[in-house]
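Please go over the structures that come below.
In the two complexes that follow, chain A is the common piece, with chain B as its partner first and chain C second.
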Partner chain A sequence: MEPINMIKSLLSQLSKHLKIKVLLVFAIASAVTVESVASDDSEEFNPGEMINHHIMDSHVWEIWHGMNVYLPVIIYSEEKGIESFSSANFFDADHNAIPYNGYVMDHDHITLASGDHVLDFSITKNVLFLFIDAGLLLLIFFAVARGYKKNVGKAPKGIQSFFEPIIIFVRDEIVKPNIGPKYERYLPYMLTLFFFIWFGNLLGLLPGAANLTGNIAVTLVLALLTLVITTFSGNKNYWGHIFNTPGVPFALKPIIVPVEIIGIFTKPISLMIRLFVAITAGHIVILSLLSLTFIFHSYLVGIGSTLVVTFINFIELLVATIQAYVFTMFSSLYIGMAVEEHH
Partner chain B sequence: MELLTPGIGLIFWQLVVFLIVFFVLATFVWKPIASALRAREGMIEDSLKAADIAKEEMAQMKADNEYLLQEARVERDQMLKEAMTVANQIKEDAKNETSSITEKMIADAKVSIENEKKAALAEVKDLVATLSLDIAEKLIREKLSDDKAQKGLVDKFLKEIKVN
Partner chain C sequence: MLLSILMDMSLAIMGAGIGSGLVAIGAGLGIGRIGGSAMEAMARQPEAAGRVQTAMLVIAALIEVIALFGVVVCFLISLKG
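This part shows the complex of A and B:
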């Protein structure tokens, strides 16, 4: 693909989410102003804090208010080595933050009491939901695979018949047309990617669940894996396009080649940001609308915002599927560009 | 801003868990499913092709049957026509033969009738001659005195002839 077209497509991809981004900015801005107004009284409802608390990772899983699951903390520091203990140790009986064993936790950020940095490998809320997502994937798709073993050469049955059209959709509509004849090597990765993101997005919509696929660390790893696969799949044609773009006059090469090299990285970065933004923004929108009820202390606003939130929730169901589709589709497209034969 | 800075812990867990899930699913789930799907799609394709071929064969067979039937019909017509011709020929021949035989029989009968007639006439002639001679002889032998006697005699003879 020509670099200009690439940038164009990148822009169009981003502009798709521009609306959501605008909402994100708006939501953050409004949250910040509300916070500054509300900071006079510490007992006052603070939507900014509530929203941040919901979309960010935590060492405590608050299933509902007052019902807390304290998750295990695993940290490494040069001074103390690897240590593991329950995050409940950071709270006293009145749920006030207290230091523990030379560690301090401030807003879910653990440091040494001296202020030195630690590496935090804790099983946080997001890690817990990562395990749940992974567990669901294994549970469901082993059941699906059993169906294929049981009904050899027969029509699909049960859970198998629910997932077969989706698997075939991913294969025939996403992977095959974008990667081309060598698609079968990449199909397992793409199917895992699609269902991991889809299930993660849907899990995130459950009340009390973690914002797993709206966390930038998760999308970073997924985008990185696509980058690694693309880079290692790249054939002579692909690298030739980057370092010696055909059809470009020699004088323009000093401009085009850096653009092409940047293009290698902008593609996974766009993947990372798109999923993170789309899912996080959805959560922020829903939480902001729900906050209106508590800001205005009004039943009428409550009814109105509930109706709107219900509608947005349906849209979020759609977005959950679309984002899984888009991530898989662009991953396939990038790999397809890397393995495309000269024509 | 913590929202935009990926945490090392989640990066680590995400990488480990996703890769484990990927390798487990790729080995035990996606591979068998992909091959099962391919096998089934192949089977469906083959079945459809086989059905098409069978349909074609059926059509071919039907056409063959039609052709055979047509041929049989033509042959039957031919045979019927030939049989009819032969029958007509035989009839004609028989008719011709019969008429010639009849003609011959009629001719024979005519000839024999003619012969019989001739023979009968000859006999009658003979008889008449003999009777005439006999009558003449008797007339002559009897000494006829008068015409009356002669006439009576003639009548007597004639009566005799009638009696005969």
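This part shows the complex of A and C:
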């Protein structure tokens, strides 16, 4: 099947299953946003602050306005050692920030009361969603793997039949053409990468969810994994291209070699920045258009911006898939360059 | 005089707006070129339309990210205001 048709049919399948849920979620999302902003009418509405609050990591998971899940704080400082307590301790009954046990939290940044730094290992909102994302992957793909053990030689069943075309797509359209004959060693990593990013992107689009793949630390680790795998699977040919570029006059080597060495690092950095920006900016665009309603104080603008936001949300569904595809494709391209044989 | 202009945050916000507009022009040109070439390619070889469309979408996504850089920078500057 052509890949684009496959993405289309996947999206339509997905939308069939999720249509009612998505509508419900939209309804809740719009209701909640109106409520949360309408409730503090006395203050001036600050879109920048609202957007920042939505895309940044936090010690409190605000499912909707007024319903908070306080996540555990785990911190280490030289004076006090490792300490663990609920982040609810940082708030009084009216949800104002208060110091606790010699620690101060200012805009989700915890320091000692003296102003000294602490190492923060807390289970923040992003970490929680990282766990949810990983748990989803384990749950779904153990089920799919069980399906393959049970239905050997038979047609796939249930959830297995939903994921089989996607797995085949990643294998045949992304990994195989870019890595070449040795693709099988890297296929598990590539599939994990694709589904982790895809699920993370989709999770991030849910209202109340964390902006997981729009966090630069998460994308940094993903890009670092690709860098490590590329570096360790590089063959003689790959390193030869970097340190002794063939076909280049000797006088140019002092210029070419540093450029090639920088090139090792710019590749994963571009992966990191691309995913981070695509997802974060998507959230910023949605939230900016939504806040137009509250800037203009008008129902008419509200109807218009709701329509536009709904449209952008569907584009974001597409972007979620394309960014997972692009990240996996460039990762396999870089690994493919490292394992390519001389020809 | 110069210092008061440099310290004026509203000018910085205006600059952010102009900058993101320029980025949008660049991205528009890029996506326009991709779209035009893809249409031509599809018209010449309708049997390759699926493959052309996939490649077009991927490259358009790459350019879109550049446009979104503009959004992020504009957002960060306007936050300081």
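Note that the second predicted complex is superposed on the first by the 301 of 343 C-alpha atoms of A that agree within 3 Å, B and C clash if a C-alpha of one lies under 4 Å from a C-alpha of the other, contacts with A are read in each partner's own complex, and residues count from 1 in each chain.
In the analysis below, a contact is a pair of C-beta atoms (placed from the backbone, for glycine too) under 8 Å apart; a residue touches a chain by one contact, two chains touch by 3 or more.
All values derive from a computational prediction rather than experimental measurement.
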If you stack the two complexes on chain A, which partner ends up touching A:Gly153: first (chain B), second (chain C), both, or neither? first
Contact-wise, after the overlay, does A:Val326 reach chain B, chain C, both or neither (first, second, both, neither)? second
Looking at A:Thr280, would you say it contacts chain B, chain C, both, or neither? Reply first, second, both or neither. both
Between chain B and chain C, whom does A:Gly48 touch in the aligned arrangement: first, second, both, or neither? second
Check whether chain B or chain C contacts more residues of chain A in the superposed model. B
Is A:Asn96 in contact with chain B, with chain C, with both, or with neither (first, second, both, neither)? neither
Identify the partner contact of A:Val218: answer first if only chain B is touched, second if only chain C is, both if each is, neither if none is. first
Touch check for A:Ser114: first (chain B), second (chain C), both, or neither? neither
First (chain B), second (chain C), both or neither: which does A:Ala145 touch? first
Using the superposition on A, tell me which residues of chain A are in contact with chain B and, in the other complex, with chain C. 52, 280
Complex interface listing, chain A residues touching chain B: 52, 55-57, 74, 109, 119-124, 126-127, 130-131, 134, 137-138, 141-142, 144-145, 148-149, 152-153, 164, 167-168, 171, 184, 187-189, 191-192, 196, 215-218, 220-222, 225, 280
Over in the complex, which chain C residues touch chain A? Could you list them? 50-51, 53-54, 57-58, 61-62, 64-65, 68-69, 71-72, 75, 78-79, 81
What residues of chain B sit close enough to touch chain A in their complex? 2-15, 17-18, 20-22, 24-26, 28-34, 36-37, 39-40, 43
In the complex formed with chain C, which residues of chain A make contact? 2-5, 48-49, 51-52, 274, 277-278, 280-282, 284-285, 288, 319, 322-323, 325-326, 329
